[in-house]
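Written below as structure tokens is the structure these notes are about.
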């Protein structure tokens, strides 16, 4: 263990991150919960899952992508119809103007692709009929794709978890503890929620080399039956903690990143959802405690959870920090 | 522990509810199994998952919502077609009467949105063609949405569990026990069903403050391999129970809520389903036992489970209650 | 324990079946793996999950149901169109013959319901247009339903397990064992497969009453990593077994039913699948052992699993049965 | 245990493979991760799950299958329309040329099947109307099928795991170890990844018979919280290993196959994914160690994982192999 010759902590090697000091850049977990990592060495299309990218894309981007796809396919087929001869589109008003012809071919294409098929324009001749037959087939496949994508987007399990911006170094029983808190912000509900917390620290090993080591941080409560209200996750700073006795300066110098991983069963998705987040030194607040974020309703019939108070805290005296405490 | 200075029970802090006496209003779990809680502090649209709300809505409400959506979209597009000029809808019978024009535009819109596209009315001109092309595209997306919603509604895992209205204070071996019972009421079947039971009690802590504490209630059988027939969940009122030795009055004064949480694997959904329910003092029946709710069929080839007998009980002598027992 | 005053076995109460001797009729588990049980006391529609019934129905029945639905809906709308006036269907050839009118209305209806909408017949007038608009909307909802049902049918997790018709009383090491065997018969593959085996026996309890008791049967191997080839499930008849020392007559008189429950992760469905089956006395074969059901391919490059040999066994001498053994 | 009279290892029987020496042909696990096995004894259609075969088929094959299906159905219905009389297709240009009639019937069929229904050709007469009505119904069912298949293909959980071509016999602490490594090659992420490693060895049993035995291989780390970067799976060759003290020749003669089974929770699919792979003697490299496959980005803000370096290794001195080591 880094800061104390006496207490020994077992570093763990199963966090999925490397322990060498200089291979990883930046923080390990980005603020959106993804791992800070990029991959090379395979072509883009093999490195990406198109389906899942379309699932994770924002709503706006997704609609634009689908609309762009619809337009491009219509343009392509319109060009094919023109190539096959505009006179093979019965009902069209032929014009010397290519743009007007294209326009009409484009709308015939869209009527075919969506299978609306009014029929005031209809295909004739082998080639044009084949193109139209192919296009309506493409339309059906595309429709199937869109159905699957929309369904996939709605049913993709997400944790809908809100966590506090800061990790507080707060009073706890007779001593102190690190605390953050989480709530579910939608009308969903998690059960059997488990938190796993590890700390990444840069220390000097026995050979004098700067290395990164990972240590688990024990929690007051590791698993809750139900995440209905807010959950304040508490890591007591006692002798079980690798941070016990460290000063603020030592914590800063160790370039810590405290990695949270939450997992629970969500009743919306009837599936396991998970969320990853982390705090670095600059996101820690020393000498503070959270304010309550729920209260009884005025008519005393229900409980109100105030989601906008997730970050509300007030200064608090912390014994261990008595000398170095900075009231924020 | 509340009522006895000698026996000590460990209160638990992982129920997801708070232990402070005056922050929560009403019962913790509503009769429909949901948590009695509302959330504020975020805009409505961020606090709600539209998809899951449409999934949980009753069948009637859902149909009305979809029908309303269909009508509104048709009205909107009908207005657009009128704005683009009713004469651009070939095949329409133009009238001076705006209502008649609107009517025809509305039906053309519905033919486009559903992609039925008879074609006796057809779009002409750039603008009207673009509107029609957009509408058939919207139709396809909407259709995809409805497909996903209907599928989501059917496949949303639900427990299909019926539980007794009352919690009985019943004779059990040489003593007594709290008992409720559950059955699956559809042609489904649960396996590996586990029950978790906690009690919320309002007690006076060592400092003389009124607080709420949670205690687990041990069960005779905590997990059944299969929930084929009915399951009578039994909490023996012995020395392992925080309720042991309490009188009816003490139970009432502690403002108890007994929280049940059942979880099992359902063969209909091939997924884990869960159900939450609770009993308060007024739903307890003192001195009663359940009547059997299944019997052999007349031809002795199968077992009949009578779902309407789930609440059937009869008065029964309970030793612990001998003095205070109220036969219902 | 029934047949021996000395050895004591703990009966279990978590099988989901009752232990009273005379409430259940017939065998507990039907040969198709379902629980032998029917439910009453709620209206049919509340007792059944329509969606899941449509999922479990045979392919033929399902197609007939869907076809019948299609026909009935078309007939209903055809009647509505006739009621609204056949002359409001433009393009129809009106006839004095009601059958001919109905025929044409029926086909117009089918063109609307499937959204094919050729348009040689088209609606006119407010009422007929409203009916047509409603029907195409119904068509879209129905289509969405069918899509969901077909997808649900294909993806419904099933175990695709074949198990032997008989339970063999076979030689095993120096003694004997009960053995059955299972294979997966499709191109699927199970991992982490676990078997749970219980026996139901009718015995005379200490008060001289006939009761049913359940005992777990310990297995040689309870869980296999992979169910690639066949798995012979072995219950050794040693001192751990409640059947140890019982004669064939005693087994018959105890009216045993040996209940198997298998559960594993299927790579087809990426989900847990489960299968239940049971053997009664008449399905046991005393003094027999299974013949191998797989062998190396002729070119020595793969293994051949012969599914039709699942029931292949040959007579075998079983020490414990030496006196009473009946070679089949 | 085979090669050492002193050390005893317990062979395991729950791998799903048989332990007899001569029933299985070739390697147990194919390079694509599937079990090397074929099944006979049931008709082809009962042995296969058509749906899952369509799911696992390559993208190209799948498109060709769907296109072939589309064409065949259209041809069949075209033949029916011709049989019902080409003159019942109003709007067609009848010809003495059968090919021309077939062509027009074919395209009418495709317009009906896809429900595009332009209407320039329309059915007349009872029979032709019935065929068209049936075809549009088939079209809707087929469409539903395609939607389900496409969705099923996209959402079928796959591990997206890349594993090294070779198993290295590498230096490890003061001794040696067997090592391979795995990465996820898409933008997915696995959590709670567990590896299970068994070895199949052909040995001579106590009776002098050649048999196959399976032994578990203990791992340095059996489970990682997160598979973000690469994971080098390490089996230390110490006294816990059945391979400890074996020479390369002994390993070769034992005809070993080292079976890996990985299982984890994938955040793309929100489901458990699994991957099986194995190494035989010829895929082992003696005296080598892996080169790092990730490094810090130039701007020090992220980590780069180089997927094409998964197989990169360099020769390395291994103490145990000092006499027999072959530097590759």
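Some notes on this structure:
We just call them A, B, C and D in the order they show up, numbering each chain from 1.
The working rule: a residue touches a chain if its C-beta (ideal position, glycine included) is under 8 Å from a C-beta of that chain, and two chains touch if they have at least 3 such contacts.
Note that the coordinates shown come from a computational prediction; the quantities given were computed from them, not determined experimentally.
Taking only C-alpha atoms, you rotate subunit A by 90 degrees to land it on subunit D; that is to the nearest 5.
In terms of the distance between Cα centroids, subunit A is separated most widely from C. Chain centres here are Cα means. That of subunit B falls 28 Å from that of subunit C. Averaging Cα coordinates per chain places subunit B and subunit D 39 Å apart.
Those residues of subunit B in touch with two or more other chains are numbered 111, 115-119, 143, 147, 151.
Chain contact summary for the complex, subunit B toward subunit C: residues 66-67, 70, 74, 103, 107, 110-111, 114-120, 143, 146-147, 150-151, 154-155, 160, 185-189, 191, 221, 223-229, 231, 265, 267-268, 270, 292, 294-297, 299-309. Remark: subunit C residues 13-18, 22-26, 34-42, 46-49, 51-53, 90-91, 111-112, 115-119, 121-123, 126, 129, 132-133, 136-137, 139-141, 143-145, 147-148, 151-152, 156-157, 196, 198, 261, 263, 269, 271-274 touch subunit B in the complex. Across the complex, subunit A is touched by residues 115, 117-119, 147 of subunit C.
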